[in-house]
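Look for chain A in each of the two complexes below; its partner is chain B in the first and chain C in the second.
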Partner chain A sequence: MTTEQTPGAPYLAQFAQVKAKLPGRRLSWLKDLRQGAIERFVSLGFPTLKIEEWKYTSLSPLTKTVFGPASQEANGRAEEGLRRFLLGEQPCHRLVFVNGRHRPDLSHVGSLPAGVTITSLAAMLEAEPELLEPHFGGEDQSDGQALVALNTAFMADGAVVKLAQGAALEAPVHLIFLATTQGGPAAHHPRNLILAEPGSSAAIFESYGGVGTESYWTNVVTQVKAGRNAAIRHYKLQCEGAEAFHIAITQADLESGSSYTSFVMSMGGRLSRNEIAARLNGTGVDCRLNGVYLARDRQHMDTSTRIEHAKPGGLSREVYKGVIDGEAHAVFHGKIVVCPDAQKTDAHQLNENLLLSERARIDTKPELEIHADDVKCSHGANAGELDSEALFYLRTRGLEEERARSLLIEAFVAEMIDGVETEAVRSNLRKFVSSWLPTVANGKGAA
Partner chain B sequence: MLEIKNLHARVDGQQILQGIDISIKAGEVHAIMGPNGSGKSTLAFVLAGREGYEITQGEVLFEGRNLAEMKPEERAREGIFLAFQYPVEIPGVSGMNFLKSALNVTRKYRGLSELDAIEFLKLAREKLKLLGMDEKLIQRAVNVGFSGGEKKRSEVFQMAVLEPKLAVLDETDSGLDIDALKIVANGINTLRNPDRAMLIITHYQRLLNYVIPDKVHVLAEGRIVRSGGKELALELEDKGYAMLDSADANAAA
Partner chain C sequence: MAATAETVKTVKSVTDEYKHGFVTDIEVERAPRGLNEDVIRFISEKKNEPAWMLEWRLKAYRTWVERFLPASDPTWARVTYPQIDYQNAYYYAAPKTKERPKSLDEIDPALLRTYEKLGIPLKEQEMLAGVAVDAIFDSISVATTYKEKLAEMGIIFCSFSEAVQEHPELVREYLGTVVPYADNFFATLNSAAFSDGSFVYIPPGVRCPMELSTYFRINAENTGQFERTLIIADKGSYVSYLEGCTAPMRDENQLHAAVVELITLDDAEIKYSTIQNWYPGDENGKGGIYNFVTKRGACRGKYSKISWTQVETGAAITWKYPSCILQGDNSVGEFSSVAITNNYQQADTGTKMIHIGKNTRSTIISKGIAAGHGQNTYRGLVRVLPKATNARNYTQCDSLLLGDKCGAHTVPYIEVRNRTAKVEHEATTSKISDDQLFYCKQRGLSAEDAVTMIVNGFCKQVLQELPMEFAVEAQKLVGISLEGSVG
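== the complex of A and B ==
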């Protein structure tokens, strides 16, 4: 009896074709890991609306297309596409990935303090694979586990940032992922590892973008491991091409006394999902997940976070703000789990949305799951329109309606952007917000 | 400069203004007084072009142009300024940048060069000094964290910067203590000039002790029931709005 081919099946066939060419192919542990992962993906299949965490995000536009391996042919589009993502004059350590592969010619890593390694996954698999082995193949409970498995099977490159005990990295690490492929839909499966040993600190900024109007799929997994008292600031800008799919899963494992501050700004892509799972595995962890999503036209943008307080005395703060225009559909799903052992947990979550058109839609779903009794947990969610009184006030001072709207939209997200600690990242994000606004408001910013 | 002719206006389906005639020339200061609910603020919003404030009959001409055909921002650029009774707080929008943008769009509209940040700051400081006001007014987000009095002062300051041809002041005196009232009144007097007209809307006569109007109109139930010179304000102060009832009674008799 034949059955209809499942959407995952073509990837099994693709895997058979490319597995011998993937980096680390001589490593038996990795071969086994990849084989297990593709089997797991095929058996799980793409997430469907039946899964609670995917209730509002249908992947059917993604599963209808079969995304092939990304071509590594240089086409000269990267240099141009890169420009707007660069941080300008401020010093940073930059790794650029084009169509999923590291491009040393576009990258620049400055002099690093002792104990800091910034390199590509492919290079690390060649040079010191034994350092990577312990970080793969752990139990995965993420909501997007099928896609993590697919990433594991196909991962070809990505960034590895390793901070030895006590190492403090001043300049931010900027990871830029650019898609420039032409001629058929291609998938990239970047895999990033941020390994912060006890007492180390760094700021990491991931930027994702595309050149042109082709459809492609970025399926990225980023693992963060923050040891005791490590401090990681983790920023991300998702500004993929208009026809792109972007699925990102970030898993942060946070040990005692560590702090993890995440800020994600999503504005690109046709369909995107940013999933963060933070596990507060030790006591006294400080975890902050903040972000902004800007959606318009027919974009679908999903933000899905899960904060798991496993041990006592943890603090988590989460604020996501969304601006939704046109016929766009945004989803916010924020889950906080407080385990029985996690007494004295202090968790707060807030999701605010600005709906700019009648057909704009937000599904917001806060979810608290509390198994400890001595905790402080709260959440809030709201959605509203632009303040008509403020709009009128601005117009009576001579500002055109569109300009007044831009000012108010910018003001709505400005406090979030202002909270980004790393100056170079903050000004870069501001620039992208301005570029999104209906009219670029004159005389704003620090001038 | 401003011709209000037989103005009828409706808000949320309710007829509020029922035939108002006022004519203001350049250089004149008119006061409109009236009890709560007489339609004073409605008139102010109709002049500024607020959505939902619908002219059902009559017209308003500003320098010969029909206001009904102009958007709020066009009216502002043409030189109409409304000082709000309740200035709106706008978190996240810098007061200084907002006012600079407002000034520059107006200057551009009038064919003048735009000011850069330094030129604007210089101008703003001059105006603050002229009005005897604090620099705090431009250091925060628009009206955020201002006391009631500061909000009113900020409106007068904005007027000083934007230099309108016609200023409509909607209860700019309400909620002020005597010192704040004097500062606001002084500001208004400073801005009085032969090319500028002012329409002062107020419930109380108090402000008119400091800003002497050329004409006073009394508004009740959407109509001007009496017009006169500055002495009319004093008479109202003396007798209260109750005198209107007897006036009505007399008129009806």
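== the complex of A and C ==
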């Protein structure tokens, strides 16, 4: 009974073992932070279906397994696994993390304009820990706060991108997280910090993938702080291994006049959840959250977003589209909160779902919580199968059924990908989409 | 007309008591305070119920005590209220005679102003306010006439207690089949302690010739705080049922936990309309009725239809989700709602559409209006089960905010497990634009009239679903409910 009640207990024991080896162990504030976090995790426990925001996502497959610390033994699988994630010819600043740790040999950071720092969290904790201290341990109200706490306790590495006032980074920053562990389920807890001072701008692309069929767990937390008039474009590709668990929480704090554009494509993992919490803390913020989720077989894919308009004059736009095939179960939970202060808010949200098979399943919950009157807020959600008339039209033009279906699905998704501004990222995402499509066209899941 | 008379029962019971507290000077037969098995036996005995009915109540009571009470009231809705002490209430009071005011002069002038605005004639005002006039007998004789006519057609329309006595086989067959005794906290409490309510049975192929309303039911008085309604439309029949009234309803019981069960068999249709205007509390949020209602209909038969129309303007707290279980192939569910929260009112209301049969269709139209410090939440579920091929749902939820202290929230749950389903949800939230207001004022309307007019336009889609006599009064009610929210 006790083991059932506290699936978090093994992690407490693990923490006792590894805490002396974690980076920044000499920093007393960090020690306290980690200790507080693990205690918080144990007391909160893993989120359950009883928590409204986790209503449709059961973590029981995850909590049944105890994930050990990721082994750092090099096994030569990283180079091969990395290839498909690379952005090709276009210039970019690349940080590669294998099994949760930075691999300088695989990374490449080009020449950076003045005031821009791109480094690993572990290195930063050695070199300038005082710069990081203020960014940790703030009050956390996120829906997955227990897992954020677990991440805080165990975080060993991750990316730190620091943009000084007015710094403009041309080439995208590409962060690749690769899992290659063998021999037992392992967990890694990357922690990324994107700190954009007033007027700075950059594009950041996170890619997650795995090599092999082992079960592992990526529990990542990314914090974005956009100062006044900063402009951050934030892309993410989640293409984890078939047996992987991926839980990601992105917290974006947006100051006056800043703009934050996020695009997330989820397609990998056995059970995944991507949570974004954007807080519009200043006036006139422009926040766009877009994304695509492609689920098939027995995948469970959860997208959970929260946009909080705390100050007046904010604009938010959100469009998420899902394609669900096989016996997959997709979840969309999008919440827009307009605080009493946030007059003149303009918020729109849309969630569209395409169901391709008999057993595909979607649970969607777009939610508006509005406490100010002078606002324009709307949301829409829909679910259905491919438009039979469009299909018929294509068939009359001589396309085979499968080809026609594939084309329509591609068009459904491409509309979203086309909105990705950074060219290198866009073409990379397209490649992944088309790699996903043929299975559909072959009629594997489609009836 | 229907609306006004329906009020008789409530307003009559109030006027005096409300002002002066709960004076119980006349012979009252009460169960002791609190709820336990003895009280339930007492209630059942008073009503001369058969053993199976008592057993059912006790089963519900035990479930309530064991399963629900320890976990306390449901907390998922966006409403807040102080913990209710369930053992500090009376669960049974026999109908009592009351001292009636002698003329309209004794009536709360605020109430009279409201009547005036609703356009209720003086004579009826007297009735409504419970002034001791003979008019009341007219309504009884009218009701009797109708009752005979209905009986001729085989329609059973009586109080729930009467049905338990006269038609036990029907009650036993259908009671609790839509809302089981262990359904939820308040429904279970109701199942244990329900006082009375309505029972309707429409025989096969019969189209009920008139709108049924509690108005026509002689023993409508004192249905109490735990009302229980059961309506069965047999194959190919049709009935339209009205509940509530537009005039302000006051009641001495703060907690109301009603249960309504509707059942339609093949090709049958039930249209259920509600206007709820319980006492909402004063402008500082003091007092007011807690309206925790479980309403659910089952479209059992193919091509059957259930439509819920509600105008919720009263009650301090509304917690209500009239739902449709679309079991029969090609069955249809509809939900149209206007919910208004002003001052400190809170409403968490919506619907559930459960698509089980093939080609089932549902439509949800919800209009929420929040003013003052009101909190207005739409909470709805659309679920398409794997067998519900070609299910179709369309949902539209619009919210209007008047003032910067109120809140409007939309919480739809959409669960689709069949790819042939087509489910659409749309929601908007906005305020009345300055342009609209300016235009109306420039045409000579006062700000208040302009708002009423615009809000009525906003609600039109729902109000026009109401039976004629209701619709007209509902429009005026919308304006009255928003009083004090403009300016």
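Going forward, the second predicted complex is superposed on the first by the 433 of 447 C-alpha atoms of A that agree within 3 Å, B and C clash if a C-alpha of one lies under 4 Å from a C-alpha of the other, contacts with A are read in each partner's own complex, and residues count from 1 in each chain.
We take it that a residue touches a chain if its C-beta (ideal position, glycine included) is under 8 Å from a C-beta of that chain, and two chains touch if they have at least 3 such contacts.
Being a predicted model, the structure only gives us computed values, none of them experimental.
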Touched partner set for A:L394, first chain B, second chain C, both or neither: first
First, second, both or neither for A:A9, with chain B first and chain C second: neither
Partner chain(s) touched by A:L356 [first = chain B, second = chain C, both, neither]: second
Touched partner set for A:A411, first chain B, second chain C, both or neither: first
Contact set on chain A toward chain B in their complex: 387-390, 392-401, 403-404, 407-408, 410-412, 414-415, 441-445, 447
Chain C - residues contacting chain A, complex: 76, 386, 399, 401-431
Touching residues on chain A, where the partner in the complex is chain C: 52, 340, 343, 353, 355-385
Chain A partner contacts - residues on chain B that touch it in the complex: 48-51, 71-73, 75-77, 81-82, 84, 87-88, 90-94, 97-102, 104-106, 109, 117, 141-142, 158, 162
